[in-house]
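Two complexes come next, and they have one chain in common, subunit A, joined by subunit B in the first and subunit C in the second.
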Partner chain A sequence: MQQKSKVVLVGVATFVLLIWALITIIPLYWMIIGSFQDSAASASFNPRFIPDSWSIAPYERFFNKTNAFRWLFNSLFVSGVLTVTNVFLASLAGYAFAKLKFPGNKSVFWILLSTMMIPSQVTLIPLYVLIINIFSLGDTYTAIILPSLVTVGNIFLMKQYMSSLPTSLIHAARIDACSEFGIFYKIILPIAKPGLAVLAIFTFVAQWNEFFWPLLVTRSSSMRTIQVGLASFKFAESTDYGAIMAGATVGALPMIILFFALQKYFLQGITVGAVKG
Partner chain B sequence: MARVVFNNVRKEFVDEKKGTFTAVENSEFVIEDKEFVVFVGPSGCGKTTSLRMIAGLERQTSGDIIIGDRIVNDLHPKDRDIAMVFQDYALYPHMTIRENLSFGLKNLKKSKAEIEQQVKQASSILGLDELLERKPRELSGGQRQRVAVGRAIVRNPQVFLFDEPLSNLDAKLRIQMRVELAELHKRLGATIVYVTHDQVEAMTLGERIVVMSNGIIQQIAPPTELYNKPNNMFVAGFIGSPAMNFMDATIENGKAFVEGAQIALPQAVADGLKSYEGKKIIVGIRPEHLYGEEFAHTVSKEHTMDVTVQVIENLGADNLLYFKVGSRMVTARVHPETIARLGERKRLVIDISKLHFFDPETTQRIALS
Partner chain C sequence: MKMAKKSMLVLASSMLLVTAACGGKTDNSSGSSASPASSADAAKPDTVKLWTYPVHGKYEEELKPLLEEFNKLHPNIKVDYEMLSWAEGPKKFDVALNAGDPPDLYFGGASGNYVNTGLAVALDPYMTQEIKDDYVAGALDGGKIGGKQYSLPLYQFQWAWGGNKRILEEAGIDWKKIQANGWTWTEFNEAAKKLTKKLPDGSQQYGLVTDGQSLDFMDLVTRNNNLPEVVDKDGKFIWNDARILDSLKFIENLVKTGVMPKESAALTAQKRTDMFYDGKAAIISKAIPYYDVMFQNRAKDIDAGKIKGEKIDFVLLPVPHKDDAKPVTYMGAQGYVMFNQKNDKGEQHRKNAFLLMEFLSGAKAGNSSNELCLPFVRKSQAKAFEGKGLANPINKTASETMAKYASQPIDLMISTDKAAQLKQFKDQVEKPNFQALLAGEKTAEQVAEEFKTKGAQILR
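And now, the complex of A and B:
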């Protein structure tokens, strides 16, 4: 009886997941198919799931008519820099909060954590005023990068991860005449690699997909990231759906490749900090 | 090598919720040069905190700690010339055994030749030669243990600190490592401070044992003295396995009256207990000092007690008989051929030369002059 109900449960779960997978995959499929068709077919009200003809013309138009290579470079640069800064600063802060004794350790951590409760929309305008009006950094890489050098979410993630590392290693290194930064650099960082890899991947993906802040602080086409570039392209060439789909595919492709290449880290990322050990 | 001195050392921890907690209370002792001293006590008694204060991993709230000729209160662990072996070994998992052994020496900026020589020496003492290029995860528990000891040896420190180093090993390996540690001490002639909650480890390894409870040192003495002359009921109950039996008694006319027995005391003992005449007292006797009457050389009725056996445990070499005296459960460790049946009366002989007497109010040993 129990066996039977288990089979039913697995069947229902599989069905629901299958539907959910279809809902997720169809737009992606539509995007990729659309990127190989002319604009009229892409925007058709009577869509064909298997197109009659294939063409790379939308890709040619996308790369010829826009600053696409520059946008891709910008995205890569911004995401790359922010990944490095987030991994370095969040792991340093996480280590300090998890393993070092200093006055105000707990209260500073809780203050930081409480800032996560403030919706980003609330801080957007003051941040904009600070970066654009006061620091006059409009339309620069610094403007895109500065506010996200390290995020509280990442510090929290690292604090949880570092807490699970054995403190006796730190004590052993301290007795072994290692400096405090040496302990972090020579002992903690190497053994925290799985956690750092997860952090790096999640940060890179989040920054690659970031849209609103780069849109706010950039004006010129050459400073746009791929996501912002795609949006502006849409408004300028509102009828060329084929090229838009090609651009969207180009924008999404690195993330899709990244996901399949580093699948195990994505899955690990869901449980980081949740389990001790 | 060097001696270690605690001068009125106290350690308090401040917890936001629980308030101030005293882990070590005004601790005073001297560990002599080349001595092997074991700290023993139940969990939370302050033994590991004491060790960590010697290492410099915890700062004492008050008092002085001296290693060799120096007061080390404000010295960083690396400057105290100590080495420590941790309970979980604390080997650096991403380094090979060779790198683990040489890590401390590299940090001390020793020459390559010296590092090479020290690592070679330590690995040959501990039989690690074949393992030097392996990672810790490729080693068994016993091998990891040896590497942890090796990491301490290469430093050639003044004092070795061991924090429950055998507690993660299985029973057989623990006995083997215990013997190896004792041999190592002889070979190195080092000052060793060793923390354990296992009284067998303490008795077999320590030249002197520091028994702690609730942050207070209960007694510092060589193993045989702790066993034969425990300062108080805590030490008496903690050292020895099975634990010492305690029985409520009244002293009258040179006899100790306990339930089921009137024990005639030797004259010297009776004289020593004169001030307790007519008063309550606690009598202590170790399980191995109670015998089945068939195995006693001489049986005097005044040195026996009749009991009802409630549980019998057969250990092979001995039998443990459990019975009640008053409200207290008492154990006798008897010869395996002793005749005893569950629920039946049994006459046991008491070795009166091995009796201990404690004041029920202070729980301290009553000194018999």
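And now, the complex of A and C:
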């Protein structure tokens, strides 16, 4: 009897999850089929889930009428550089806050953490003044990259992860006369791979999808990222939804590839700090 | 240890790559101090920053040769231009303005909020009599705030409604008569009943579709009930009597009777247009005369097989007015506005910016009015482009008829402080209540009461 109810429960759960999976996949499906239809059809008030006809015209418009390849390169470059800097700097900072004893360790960490409470709207204009007016960095990669070189959120994530790693390994390495950077590089980094992978995925995805800051600090079409470039398909009284869908599909590919490539780490990393005692 | 060195090398290289890639620095002119400009100053190299929009479909194509020509005339003035998107450009401009670093020239309408920042430049000292005389009567007024000229109009916009000729004729609506004589709310309600129906494929055809994301519809309806704005030209709050309640009841009734979709509050301007393309909307609000060209281009794309859909004959319609109110057509000016930056670039820089502003609003820029199917604002533009317009003659006549009942935006006549209060009222009170009315979350009476109380507080 118990066995039977368990089977029913699993069946119901599977059914609910299937429905949920279907719901979450609909926007993705809509984006892909929308990229093969004309603009009116992809934005129709009565959506058709199976298109009447297929066309690659939106892709032609996306690639031929714009700097699409340059936008993709810019997004890859900016997201790639920021992933490297965030992984390196946040893991160093996280390690220091979690495992090293130095005066002001806790207070500096809490001060850093408190900056997360300030809404981005408040810091937006001062940041703009700093980057554009004072440093005159408008329309450069530096302007896009500099403010996100390392984020407090990522330092916090790495501090939590590093705290869950055994301190005894660090003590043992110190007894063996390993330098502090050697301990970090040879002992900590190899066992922190799942956490670093999660950090890398989150940072890359967040930076890939970043829209407003690159919009603010770039001027020329050749400096736009893919998200900013896609907005240029919106006109005063019309929007080229087909081309936007085509661009979004192309833009989503690196994310999908990244997710599947690092899926193992991603799943491990979701439980970062979950069993920390 | 070798590994550590390697990783440091990789990181250092990536940092170098970033630095190397950051070479293309913005050209920011330091400008001269605010001393009187001499002819030597006039010849000094300068960069004028211009932020504009795709004013019409071919605007960027027109702008590039215009800028090249300007550069030949003034080789010392470099124009650093950026084509913003209508969707995100205003947000970008807002941040730049608040940061004290707006572009020298920005495309838009004169606004009290710009003047309040202290960065908008009054153009009167730079305007010669020749320039003033070139503008048709009343055209410059659309760029004035508190009697000072803040914008050089490129064209005069006109807001109306638009109809699908086929649907109107199938329902027996005499659209030509409406174009010529206008119509009342009662007449519109009767027509709307005929235009709202289930289509053979089971989908719904709506009599009227508007977007609930902007306040354009509210503006058009209230103006046609003797309410030129939330405040009158003296800045006195006037949305507190039966006129506003009647306007709200008119809107409420349109949703209740199914003439407008119940999802109206969530509809964007694009969705509204798409429903019109799709034959699901008989009439749309708002429409502008430029839609004529837009629909003509769409028909060409359909003929060329680029897109699928029904070719729609667009009919420009006046906004209906309350039976005992006078008809009003909302018109105003759009053009370039000049700004100083907190880091002042000097008088000569402003003169250079004005030279560009005048060039981009002058005779050679007259095609914008043609493309947008609007009356010319300058005599020189009319001379250069008269008769080359793209509008369907029927709609052109309708636009000219509507222009006879033109009403200018009130926010140009009131003080800048009052204009800021007006914006606050619109953002914080009018918009959420208008959307609540469309969504059926509030009744017309509740919204009117809210307007009355909050308006009295904000617009004292």
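The rule is simple: the second predicted complex is superposed on the first by the 233 of 277 C-alpha atoms of A that agree within 3 Å, B and C clash if a C-alpha of one lies under 4 Å from a C-alpha of the other, contacts with A are read in each partner's own complex, and residues count from 1 in each chain.
In this text, a contact is a pair of C-beta atoms (placed from the backbone, for glycine too) under 8 Å apart; a residue touches a chain by one contact, two chains touch by 3 or more.
Every value quoted in this text rests on a predicted model; they were computed, and no experiment measured them.
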| item | value |
| --- | --- |
| Simultaneous placement of subunit C and subunit B on subunit A, clash or fit | fit |
| Which of subunit B and subunit C A:Leu92 touches, first, second, both or neither | neither |
| Which of subunit B and subunit C A:Phe212 touches, first, second, both or neither | second |
| First (subunit B), second (subunit C), both or neither touched by A:Ile191 | first |
| Partner chain(s) touched by A:Gly182 [first = subunit B, second = subunit C, both, neither] | both |
| More subunit A residues in contact - subunit B or subunit C | C |
| Touching partner for A:Ile155 - first (subunit B), second (subunit C), both, neither | neither |
| First (subunit B), second (subunit C), both or neither touched by A:Leu124 | second |
| Contacts of A:Tyr141 with subunit B and subunit C, given as first, second, both or neither | second |
| Subunit B, subunit C and vertex subunit A (Cα centres) - angle in steps of 10° | 150 |
| Distance of closest approach, subunit C and subunit B, by C-alpha atoms in Å | 9 |
| Shared subunit A surface residues [contacts with subunit B and with subunit C] | 182 |
| Touch list for subunit A against partner subunit C, complex | 38-41, 43-46, 52-53, 57, 77, 81, 84-85, 88, 124-125, 128-129, 132-133, 136-142, 145, 181-182, 185-186, 212, 215-216, 219-220, 223, 231-232, 234-239 |
| Contacting residues of subunit B [partner subunit A, same complex] | 16, 55-57, 76-78, 82-84, 86-88, 90, 92-94, 103-104, 107-108, 151, 155 |
| Residues on subunit A engaged by subunit B in the complex (per definition of touch) | 106, 166, 168-169, 171-178, 182, 187, 190-191 |
| Of all residues in subunit C, those that touch subunit A in their complex | 1, 3-4, 7, 11, 14, 17-19, 21-26, 28, 53-57, 80, 82, 85-88, 91-92, 95-96, 98-101, 203, 269-271, 273-275, 277-278, 280, 288, 290-291, 294, 306-309, 342-343 |
